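Next up: the structures, one after another.
Presented sequentially are two complexes of subunit A, the first with subunit B as partner and the second with subunit C.
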Partner chain A sequence: MSLTDISLTEPSLFDTVKKQFLYKLKGRLGLFLAMMGVQIMGLLFSLSGASSHGMGDNFLYVSVNEFSSDLIIWFTFFWIFVVAVLITTKDYQNIDFTFVANRLSSHLSNVGFLITAAVIGGVTAMLSGTLLRIVIYFIRGRYMLSENFITAPEVVLTGIAVTILYLLLISALGYFCGVLVQLSKVFIVILPALYIGTVDFLARELPVIVKVYNFIIGENSLALLAVKVLITTALIYACSCVLANRLEVR
Partner chain B sequence: MATIDPLLVILFMANLLILVLVILFVVKSGCFSLQNKIQFWLIAGYILLLLASPVVIQMLPKENFADERIKKVSEKDLYVQADLYTIAQGASPEQIKGVFVLEQWEFPYNGSMLNVVVRPLYEYDAVIVVERKDSADGKIEAVNYASKPIVELIDLSEIMKPHKVALDGNVLKVTAPEFLQIELGVFRNEFVISQILGDTELESAPWRHGSQLIYLRVPADVEVQSEASVHFVEKQ
Partner chain C sequence: MDVISCQELTKTFGRVRALNNITFTIGQNRITGLIGPNGAGKTTLLKIIAGFLRASSGEVRVFSEDPFNNLKVAANMIFIDDQMRFPTSLTLSEILASAAAFYENWDMELARRLFDYFSLDPEQYHHKLSKGMKSTFNMIIGLAARCPLTIFDEPTTGMDAGVRKDYYRALLRDYLQKPRTIIISSHLLNEIEDILEDIFLLSGGEKRLQTPVSDLKEFAVALRGRREVIDKLTAGQEIYYQKSVGKDHSYVVIRRDAAEGLLKKAGRDGLEVFPVKADDLCVYLTSRKRGGIDSVFDRY
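Let's turn to the complex of A and B:
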């Protein structure tokens, strides 16, 4: 490529997004290392079991300890939320200035990065469940029951699909929160307060919260869940872009 | 919806905070400054390990599972009446379904008085049933009957420990079995799976206690006395 080509050819949006996306993926490997860390941490915490119940008499006490990799999946959710917030910070946004880029290409490459992170996170979180089963098999030895131990491929794939959908939704929410915080630091206080006050523990019985809960968590059809999550995610990203443009104007 | 313990809320928030700090620590500090190549291979190694795990899990020997190794019972067996206490009320042990002999002893005895002691006396309720035989055959027969403990349709009777029964002079000492604690482990499907495919709950069959009883057959000319509670029954 000659000097003339560089100065005269304006790269297409797709090319810029692609270049930015690949650069970000390469430059942010540490974020995936963090994912590995939280998943291993979740796996270690899961070794003690999720719940236990038992019965006994003077001679024999039998308890059944239930294991699950739910904690690994929850930890991966937290990881992607933090990642989504992090990539909206100035340190990470500065990567974009190494390219001829505009705000849209920056957003699109960030979204691409988060989608990739969700896919990798979803696959690894579910497969960590299989790794957990193997570890527990060797630790617990002769008193493990075979029920749910080997999961059919279609069941694992369903789990991966649902986990990816949740990760997409949570990453979009994280990105939105990150953009809000960039808009005004007041949101650092408002957002956690809003979360604790309305979504989490104090207002679980608010009709609107119950409706949101049923809309996503209460959905039993994978296809409908996918449609709902993808539309919601797209809307949240669109809102983030609009808000971020305000940031640019300021 | 159920109310949530505030302590759990605090613990949850503390965990969340620790988790965020761990992520930030890994991202911002030492690990992040690792060379790109090392980071890449660490992540690639982890993903390869995870991808290999579905293959490895298929290769694990199935016969090591408790429900493969230990006999399973049908739900029908579970509802077979095995109330050992009806023996203390005079029912014949052989006629009660689900009752089996865990251990038996026979002692030659020429005395006229037998003192039955139970150890430890106040820590468990030993059920001792005494039947006087028709003849003075000079033999004390002791049988440890038991009913099956069943958990998740697994018959745990083979791991039950019997009582210890020993005759020393005119004292028959009945010692409680060694206390056993068994912790079974089972996997529950992840919530992301049960949201779509429904819950795969454990076997809904109820659990059943196993119980034990010591049945003594003493010669016709032997009187039995004991500090513990002993049930006398007529020969069936």
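Let's turn to the complex of A and C:
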């Protein structure tokens, strides 16, 4: 060997994942812009009020308008699902394997990215509820009840935590669906059919699905919900990694 | 030390056999040209070496390891082709900075100097570049990464003649400064012949020839003479190429050592002997039919 020879490098998995994660955060800023767009859209739709009803007689008429930031949160759920599916597609995979990567490092950095997305999505979605109140105050201020206008911090924090947990779970499910589609295009047909089937038919025939759903979603204690969601999410991600570990790329 | 070794490598896609029973080794710090017509299996072979695709059967070793899904191989290898994708939100200079983080031997000064020379705009986006500019940018990444194994799959797609010439020169100069194992695939030999040390001929998923370029130039000769003389002489020989010249003359390409033996036995007998250019020989060795495209039209 001559002196100018290039020596082989011994990469560590952790290092590679870290580099890929930072690369992905930089390269996927557009997805967060899309999130802002989606949330602003949710906010605009919410301005008309979630529900309104009125009652009265000849002398007095009371009309009640309820406003809720639920829609913004639902929109954020939808956004993270789409993002999770999107980053499993060939185009995004190609970008991963342009530079140093193996399947595992690519998945782990994707998981890191989705966790970041869930945290940012959860915080912004909950805080946009406060923004909604302020906007409504200025637009339709005279109707606003001052009671409960300011939400207690612990309520907001709990809301953020729960939203983040749901976003984590949804992103894991989206990623899993995306991986299945990468394994075989048949799943593009099977998955929606399965979804409709689960909601309608299977839930009636197989009570165990309802039980699983209630076990995870119907949890009232935040700590227990966190444990259940985190374990489920980790399991789903692990399945995705194992399933996609033999996929060919580029 | 062998950087790459393949034993009876076969790759099938469904019913299509893209690579068939290929065995070879590539030594350290050589520039090898992988030459073959379209659909010969060049890209498939390179992607298996890069660890993107899995071999259907046989054994592949890169740096003595199985390349598929291998982080060590990935860190010491770069694969440049015209399908390379980069995040659309990053400018060219940001992509260079990202690449620098991934590759330990990255030479940013070289990247910047090449950038200036080819007058690329650092604030431009990759997906907005023209085909030739993309290839130029990808080539800069491939050179500056300074990976022990550097693979260029048809790197000059869309480049104009001037840039192509500069590219080959840059590749050679950089290789001399920092020797490493380089594979360049191309369907034509003539342009890259001067910078190659070894040549690997692939056709129809099978290895045709692997030899130093200098040997390739000596590999075959062409004989021209009356058809019946040629036919008699070359009966039973492996003929790489044959065409008719005029009414009753024939032109054949056969191995040099075989030709020498035959000529010694039969004498020159009005035969003319010509050297065969390396790039012509590559075309003959990898073409589908012995008579070339003429055979399609020679119906009568």
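Following the convention adopted for this analysis, the second predicted complex is superposed on the first by the 230 of 250 C-alpha atoms of A that agree within 3 Å, B and C clash if a C-alpha of one lies under 4 Å from a C-alpha of the other, contacts with A are read in each partner's own complex, and residues count from 1 in each chain.
Please note the rule applied: a contact is a pair of C-beta atoms (placed from the backbone, for glycine too) under 8 Å apart; a residue touches a chain by one contact, two chains touch by 3 or more.
All of these numbers come straight from a predicted model, not from anything done at the bench.
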item	value
Superposition-derived comparison: subunit B or subunit C, residues of subunit A touched	B
Touched partner set for A:30, first subunit B, second subunit C, both or neither	both
Subunit B versus subunit C as contact partner of A:221, first or second or both or neither	first
First (subunit B), second (subunit C), both or neither touched by A:19	second
Partner chain(s) touched by A:245 [first = subunit B, second = subunit C, both, neither]	second
Partner chain in contact with A:11 - subunit B first, subunit C second, else both or neither	second
Residues of subunit A that lie at the interface with subunit B and also at the interface with subunit C	26, 29-30
Residues of subunit A defined as touching subunit C within the complex	2, 4-11, 13, 16, 19, 22-24, 26-30, 91, 94-95, 97-105, 245-246, 248-250
Sites on subunit C touched by subunit A in the complex	29, 47, 50-54, 63, 69-72, 74-76, 79, 83-90, 94, 98-99, 101-105, 146-148, 177-180
Footprint of subunit A on subunit B - complex, ascending	1, 4, 9, 13, 16, 19-20, 22-24, 26-27, 31-32, 34, 36, 39-40, 42-43, 46-47, 49-51, 53-54, 56-58, 60, 62, 64-69, 123-125, 149, 151-152, 154, 156, 159-161, 176-177, 179-193, 195-198, 200, 202-203, 207, 209-212
Contacting residues of subunit A [partner subunit B, same complex]	26, 29-34, 36-38, 41, 49-50, 52, 55-70, 73, 75, 78-79, 82-83, 86, 120, 123-124, 126-131, 133-134, 136-137, 140-151, 153, 155-156, 158-159, 162-163, 166, 196, 200-201, 204-205, 217, 219-222, 225
